[in-house]
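First the structure, which I've put down as structure tokens, then a few questions once you've had a look.
Chain nomenclature is as follows: A, B, C, D, E and F, assigned in order of appearance, with residue numbering initiated at 1 for each chain independently.
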Amino acid sequence: MMIRADQRQPDQLRPVTFQRGYTRYAEGSVLVSFGDTVVLCNATVEESVPPFMRGEGRGWVTAEYAMLPRATHSRNSREAARGKVGGRTHEIQRLIGRALRAVIDFDALGERTIRLDCDVLQADGGTRTASITGAYVALAEAVNGLLRDGVLTVSPLKDSLAAISVGIVDGQPLLDLNYGEDSKADVDMNIVMTGSGAFVEVQGTAEAEPFTAQQLDAMRALAMKGCAELAGMQRAALEG
Amino acid sequence: MMIRADQRQPDQLRPVTFQRGYTRYAEGSVLVSFGDTVVLCNATVEESVPPFMRGEGRGWVTAEYAMLPRATHSRNSREAARGKVGGRTHEIQRLIGRALRAVIDFDALGERTIRLDCDVLQADGGTRTASITGAYVALAEAVNGLLRDGVLTVSPLKDSLAAISVGIVDGQPLLDLNYGEDSKADVDMNIVMTGSGAFVEVQGTAEAEPFTAQQLDAMRALAMKGCAELAGMQRAALEG
Amino acid sequence: MMIRADQRQPDQLRPVTFQRGYTRYAEGSVLVSFGDTVVLCNATVEESVPPFMRGEGRGWVTAEYAMLPRATHSRNSREAARGKVGGRTHEIQRLIGRALRAVIDFDALGERTIRLDCDVLQADGGTRTASITGAYVALAEAVNGLLRDGVLTVSPLKDSLAAISVGIVDGQPLLDLNYGEDSKADVDMNIVMTGSGAFVEVQGTAEAEPFTAQQLDAMRALAMKGCAELAGMQRAALEG
Amino acid sequence: MMIRADQRQPDQLRPVTFQRGYTRYAEGSVLVSFGDTVVLCNATVEESVPPFMRGEGRGWVTAEYAMLPRATHSRNSREAARGKVGGRTHEIQRLIGRALRAVIDFDALGERTIRLDCDVLQADGGTRTASITGAYVALAEAVNGLLRDGVLTVSPLKDSLAAISVGIVDGQPLLDLNYGEDSKADVDMNIVMTGSGAFVEVQGTAEAEPFTAQQLDAMRALAMKGCAELAGMQRAALEG
Amino acid sequence: MMIRADQRQPDQLRPVTFQRGYTRYAEGSVLVSFGDTVVLCNATVEESVPPFMRGEGRGWVTAEYAMLPRATHSRNSREAARGKVGGRTHEIQRLIGRALRAVIDFDALGERTIRLDCDVLQADGGTRTASITGAYVALAEAVNGLLRDGVLTVSPLKDSLAAISVGIVDGQPLLDLNYGEDSKADVDMNIVMTGSGAFVEVQGTAEAEPFTAQQLDAMRALAMKGCAELAGMQRAALEG
Amino acid sequence: MMIRADQRQPDQLRPVTFQRGYTRYAEGSVLVSFGDTVVLCNATVEESVPPFMRGEGRGWVTAEYAMLPRATHSRNSREAARGKVGGRTHEIQRLIGRALRAVIDFDALGERTIRLDCDVLQADGGTRTASITGAYVALAEAVNGLLRDGVLTVSPLKDSLAAISVGIVDGQPLLDLNYGEDSKADVDMNIVMTGSGAFVEVQGTAEAEPFTAQQLDAMRALAMKGCAELAGMQRAALEG
């Protein structure tokens, strides 16, 4: 069996940490790390919803994602300086928002928006899945604040949410790819699951070689194991 | 068993047509329709590659996607007028290009770019999968032209490529959702496959309800049937 | 006398066709062709007017114009990708809207907007005049729908509207220039006329050589003949 | 016969002045006024041409046009602040450049660009025709400098160029409309002519009522008279 | 002691002129020149305030700044053409607005905005300080109009405002640097003062060499002398 | 004497920390905090210079600045989403770059660029001065790396650089204003100094009340004390 550069087993996550209350002002603020991937996830509660939803008594959850210019080995120019949000960023922030909305009861949230900002401070692969996993904790922090303050009496959280990447490298299915593994993977897949084990998003891409149904099943099994472990760590972080 | 509004069986495609040579000037030009979804796919051959690839003797394939403002029931404003390409468009055109690149041998293509423009004239659901399926035929037309003209002696096409949407509506897995079905689906999935039956992209999203591994398997089976049928129609269209 | 590449007489139009109801959702939808120039003209009825006109009970008509990237011999990049609408496009869509407004009674239209989208699928010269000529038919289709549905009881159309290009090539005044003729013309002129024979726009440009009053008169005469023929075809298409 | 608000005859120009050398640094600099319309026209000589023309030994002339925000009765926001050049500006600056190019011999100019900046300091109608008329003088100043410095030995100016607006107000054809007249005109026409009396551009628009061939002839006659007078004043200004 | 290229003493201003009523339509319009630096300052009175200030009965003053493309020795491209306002422009227009607001009583102004447009026609150093000095006169003209028309009964002007540049060139502190001096200065400082001699802005930058407290004091003394002289000229201009 | 909300003396800095090596990939990476203001300063070394400097053997230093959306009490929208860099950001990043360049010997640096990214994670006043102070340490880290690797043999750092804000609140000059103090200050001043005690930038603004020469002197004295203390802490951090 293949030995990973960082000595992990094929089905082993990198060390994962959640640092709650990382900044002072956000209603929820979590610094999440998956190995050397570090993302600051801040939740903002706004007492309004987008124009097309006004007056219906239902809430909204949305997300934005960005990387600091020097989160990576070589520097990327800022999207603000280029004057537009790039395609990859659009794709990722749409994914994060859509995934979080799957575990929210918008009637219970009431006519307010929770906005998640995921800013990658350091990137070593898996930034979108780390963002989702951290953003859920920041979202839960913000919801807990609303419950504590009596703004809400029932939690709008229907379930917890975590995400992980899986892939096939040199024919071997691997869990939680770092950048070095990701850049040589034949297949790259991101899976988002609820705490109770259902699928919210499955996105698999043949980077180099089309893949078989058997490979798809093997990656799915790894992801289910990884997401279950992440759900446990999220619970622990929120109770801590 | 549920009866679909257009009388189709759950595992039945809409009528699919490919009209080759639809415009005069493009190196490949196909008007593809899946029921009332109509997409014009034009292939352009350019004797250059993006700057970062120059001098390596390898080719490139890329795609752009747009909808005409009145392709849909109500009018959408133009992205040019808004001054930027939207997130959904970015996501779709990245998908089309990435999928097509999975069946191309870039060394065999040589230092040239084939650019696929997918413009939706009428939209009734499944525009991204129709775009991929039609773009493959336009790409093959363009490649055949290069072979016919002696620019290439060996085809860079490693396999054919088709895509289809599947979903779960009222608990029932369905193949090839139209707009009405798509807008009430619990799960929406797009699958891209090679003609030889391997997976290139799998993108499933829980729009309303997270889904189980069993549901994922059922949708996968429908998609495999649909893509196999599409591959046959593509072959017929290219031989015609 | 000069023989045109496509065997036409100097005062002869290319074959002109109007395909009504080309797409399903627009209130008016016409695929117009002048030889190899093909434009899809869609009319959208909106029950509102621009902010500066609200509350006055008067309507508005406006137009947008675009070319698909591969409508032409070589590909043009998309204006959405470049992040702005170009000068030529601005100039053309302002012309189309202004010309159509000359035949509309805005009081009779009432406080609603009709928006014409002219998308060029294939370009062989004269795309702006084909757009105006086709857009009038789509506009009339949309107005007829409003009359049929009882939204309007009196037609706001004061007259019909058609446009044609004329020019001077090798000293010879010609009607309805195709791309090959246009690119070597000394003078290029676009004329928009009502069905009753009055002028709405006259735009003549010396591309290579300044022109005389006599040449201006000769081009005007050709245009009057061409517009009269187009008005007849429009009538036939709308009765068909 | 109608009496104009400023006591002019129907065929009378407003007072026209050319102030040469208005700024110090430009190779040609002319402040032109037509009554209360005041435009600063600066010519810049650049020893290069656009990329698509390099190495052919031929020159280029181009123009840009803008209005200061408070050139008009009420303030217009800056195009820089809005982040894009508007449609009207595009249309006008394309017209100015195209018209000037009609009187230039690009082989004689050699591989250099002359760039005309027309900035409207005060606007009382006819800013585009004043811009063309003033820009010609600035262009001639710049060309004279190149001749004086021995950079050129033969003038690339084939003819002089002037422009004027004409229109129909209350049924009366008028020359050189001011803003008050322009805003109630049924027809508005801009005509650009060479010093030797040939037409370079004819742009007529029915603002309120379509017009007849007779009205077109009457406006043309007024414009020919006005342009001839302007050509004389330009000659005088350049000799002064 | 160093002799300046234009024979000025180190503590001597360039010739300064204010031409009031330079354009007809603006509520205040002043062409200000400091030697060869010429700026057109127009004041516009608007009967509204920005959204965040509505309903509070208080006014607002803001400014925009731009250079004509050929105000300088070599041409600069237009910010509108580049699609964005540059960093230097942002910095200068924020400075002008902020400085003017320091001498306005917003309660006395009432719920209206005065907007100052400073457009540099010719630039020979010190355009930002000339803009502030001229904009104050245009602002006072506009305020005087409001008083004359009875819109205001008490002047909202708390003091007058002038600005000047100072610097250190070859070790010598100099007042009112022209472009040639500015481009070789070790230190460049802009100081904005009220007519009664208090400081509103102090902005000093070591372009080449950090500076001492003594040098700062010497520059401050020159600026105080220059601003006092400018305040006298402004008074004279407004009385004239 | 006034008591500050956080019990500091008028001439006392907030607690200042420098965390070196905060991220892994940047050539210099420092997390700097001034009380609750936290800025991540990353230095990137690039082996090239801007086009206008090529071939001269001299280096360049530049900076970019941004705030995370939820660095502040209420959320600010992203500049990338708005499609442009705002005026305040432009002003600040120009200041940071200009200040750092004052302590660099560009000949000694050689033809390479050091780019400083200052991203504010949390903002409680003084973000621009904290950015400069932290960026200097990141810059020194990057330079030390170049010396250690033998790329440079002589340090291009001519001096160290620190910055601090001072202001006048309720008539009392204060050092290092936090957000609460800054928002009610009459005068706000930012001063940048070298380690050897010379001035690099002095930027003072009367937010509410113009200020006297005496007040300017008092603020200057506070800033000199603060910058001297910061220079000592920087030295300690770089030796640590």
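Observations on the model:
Keep in mind that, in the parts below, a residue touches a chain if its C-beta (ideal position, glycine included) is under 8 Å from a C-beta of that chain, and two chains touch if they have at least 3 such contacts.
Because the structure is a prediction, the values reported are computed rather than measured.
Both subunit B and subunit F are touched by A. If you take subunit A and subunit F together, no chain is in touch with both. With centres defined by CA atoms alone, the chain at the far end from subunit F is C. With every chain reduced to the mean of its CA atoms, the largest distance from subunit B is reached by E.
In this structure subunit B contacts its sequence twin subunit C using mostly the same residue numbers, the overlap exceeding half.
With each centre defined as the average position of its C-alpha atoms, the distance from subunit A to subunit E rounds to 51 Å.
With each centre defined as the average position of its C-alpha atoms, the distance from subunit A to subunit D rounds to 59 Å.
Computed centre separation for the pair subunit C/subunit D is 28 angstrom, with centres defined by C-alpha atoms. Shown for subunit A are the residues in touch with two or more other chains, namely 83-85. Viewed as a network of touching protein chains, the structure reduces to one closed ring of chains, two contacts apiece. One closed ring of touching chains is present, and its order from subunit D going to subunit E first is D, E, F, A, B, C.
Looking at the complex, you find that subunit E touches subunit D at residues 23-26, 29, 36, 38, 40, 42, 44, 46, 64, 66, 68-73, 75, 78-85, 89, 115, 117, 119, 121-122.
Every residue of subunit C that touches subunit D in the complex is listed here, in rising order: 84-88, 90-91, 93-94, 98, 102, 159, 189, 193-194, 198-206, 210-213, 216, 220, 224.
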